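All remarks here apply to the structure that follows.
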């Protein structure tokens, strides 16, 4: 009987030094805290332009935004698709921003590929092993979200599927797991961030927006993630959260993001991480 | 702000009478208990022939067997792929069995479609909404496994995605949810079977093998499912469970399956369900 | 370093034959399905008299009813305390019913002890080990509810605490575990009932009322429990569920209980269990 | 029908300013990070003396140590009971340390009361409402651990039981909740710490030792807790973790605790908290 060997390529036993992924001038997994910000979904030219302009002015280098959105209900907004991708391209060029957007299905890979700098695998696809194998054959960095029902081992085995295909640029993203307590949308597994760093050489970032589902908790959840050793954060921000077509309650107002950046920097420094975006921001604003 | 409307087409409010799906002479969702049996994965001609021959002789009409297997580890057996499909076709013709096998990814749909009578959507794909939409455009019955982290509402909304595409032949399959207690592989949500029957007109079957992960619990979990109102059962059985390439511990021995069928019939009758397979079996064995 | 040995006295390895607990003429764990019915809480003389009279007339031998109620909120009805106990005594004598009521705290044991035939340990106390030790020194049968966060092993170890004290009359009661899915109040661990029967010689009963929290699911959950091998059922029933001071939504109407008893008997017979209460009921009603 | 009103006295609506609890010169809930350290259980005079001496020398003001231990197995070490309490008293006088120890059952309250400065209610007792009511009548600060299956609302309602009794000195302690992922002992609900701070005026501290069950994760989990806004930390430390009679794997070595204190101070300062223990420690070591 054949049975499940554990992950190898994803482990610290295989590669003790930390993997650093170099993309658009950012060194993810390095000493600099990596920040991604943007709306849940691309909704309109005006929306994505406002957000892109704002975060770019803050020194943030990467924009998130969904063009194809996995939604629990078929009656919810499903994304702008091709038009959304074009809008991402437009603002990425205008503001010199890296782009991260989700490939929701293998059949959409070819369409999305040219538009994104980092391929996002959503938590709902973390156990879609056929998809992961194909992603392993691509040559762009991959952000692998943890499934909301995935154990640590299952998460690292999912990374293993991609690594085995030859793509070594995998970024792990903790985004909260599903538990009995629904007072938050999910439960951010903060110790899991630290454990993933111990078990694997891959960069580990945190998504406090999906994890909490609650704008008022983004700041403490972000600071906690930095303190626990996350290599970066992916944060949802919207120019008008009350009117957002998806995930409004967990989207920061633009000004809220700006206001919390100095706190990010302080905690980052306390754990010996640098924040180059903050420095450039200061330069920009001199 | 747009927000999530609930399921409509999947609900009893939309359609009060039970949906009955007619496939290969079985009326799934009707008064007759529907049985599927077979191995986790197709492993060889000898294996699938032994199992198919045996269950056919018991009067069982549907054979399960995976050709493409979603496995937690990339180092585990991944299925025979095309060869597995061909073997399923061969025994289905020889023993006049309906076939149910999983489509693991949308990109595999065209390959698997001609070989299967019921398209199985695995629990790991229950939230792959792009996939579900495409499945909604097909014309074959679909078995939609509940995600191991899916709430009742999310499960029915997944069915809604398929129904909205125009495919009204959706069979719901409860297969255990993930909980803190790992003494069983998953926790069979027995009351969820009854609740799904109340909320939806779609047939609901139970998979006691995935739910328990333990051969010694298949019989009580099956009897409980029948008593709770399941329209059918999908059970893993293998000619040599100790040597199975996947899910051996939860696979019944062939004789065990035979021995428990009379108990299935008794409990089914107690809740006013018939068991035509049992009748034919008796005819065969006269 | 000392570490946790597993349960011994509670195991089938220690005692292979099933434990049968003889109380008030019922043989719990024997071949006869054991039934307990009654309200969540004793509320008034009129209420408890109506319920007791009704279930007694159905042939049911045991009445449940809380005098001290553990409530999540301090502002909810907390029980009638001494007055509730006196009311239980009164109807138990009038209708010749066995009584089961909860001892909510060790400090209440002496007060409750004379009024109850079976000492109920609530799920919230299943890990109160000091309490369990003291209960082990008593000489009455104990109904040990599974904690809503207790693994199978923790449940059996809780029984072990009582058995070690010298009290061998422990009845295990599955009442649903807490999971991410809140569409039911708890998730009835039906395979856990079967597993407990395999691992332990102690009687195992099911509480479908706490498990589902939903009156419309009591019947299927009860039938499933019987089919899975439960030795008995504890069911909440109220003369006026809409006005119940606690757990109204999960309380059956009296007539509903009566109507489902024949189905209980049919499924019980299908798994070779007898239902003496049903026989007496028929005698009574001739 | 009566139904569950939510907490009042525990809420920020009732009392908007933060509650500060003054005990043995510490102001818990104030601007100063509150630290408790000590072994899981008091094991011997030598053990508790070594630990007490060491933490006192670090400037830490409060010693934890169980005399009555709730253990999952009756065969595990259950604590030294009276002797353990006497040893706590002895070292508390010798090193001028505040004491926190668990009252495992109401019947043990009188025995433990004189020996402790803060009454600890364990997570297994968080829903023992009779006990909570009685604790509400005492006049010492209470540390209320969150139940491992308790929602945020249930936790605050448990505090409400104590507050209603008249005892306003309740400290909330997050210690990890039970989830499907057993790669850590429990899942530290870091966002829950921040949410509790928003919903309630009561001090909230974190127990990274119980939450992770893993010595190597105590530092990141502690730093994350501070960053998320915890008012303090309770950390298990042992003079010889490999030989500890309980919870060895999650106990820090004495030197490890010392080494991580400067990091605690840095992160505390980053979120504008002070660390007076650190200052005194420096004075002591000049």
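Note that the chains take the letters A, B, C and D in the order they are written out, and that residue 1 is the start of every chain.
By our rule, a contact is a pair of C-beta atoms (placed from the backbone, for glycine too) under 8 Å apart; a residue touches a chain by one contact, two chains touch by 3 or more.
Nothing here was measured: the structure is a model prediction, and the numbers come from that model.
Common contacts of chain A and chain C?
The common neighbours are B, D.
Taking each chain's centre as the mean of its CA atoms, which one is farthest from the centre of chain B?
D
Across the interfaces A-B and B-D, which one involves more C-beta pairs in contact?
A-B
Please tell me the distance, in whole Å, between the geometric centres of chain A and chain B computed from their C-alpha atoms.
Once rounded, the distance between the two centres reads 35 Å.
As a quick test, compute the distance in whole Å between the mean CA positions of chain B and chain D.
49
For chain B, write out the residues touching at least two other chains, lowest number first.
149, 153, 178-180, 182
Residue numbers of chain A touching chain B in their complex, please.
Counting only chain A, the residues touching chain B are 1-7, 68, 70-77, 104-108, 124-125, 127-131, 133-134, 147-149, 153-154, 157, 160-161, 164, 178, 242-246, 248.
Once bound in the complex, which stretches of chain D touch chain B?
178-180, 182
Spell out the part of chain D that touches chain A in their complex, as residue ranges.
Where chain D meets chain A, its residues are 149-153, 177, 179-184, 187-195, 198, 208, 211-212, 214, 216-217, 220-221, 223-229, 263, 266-267, 269-271.
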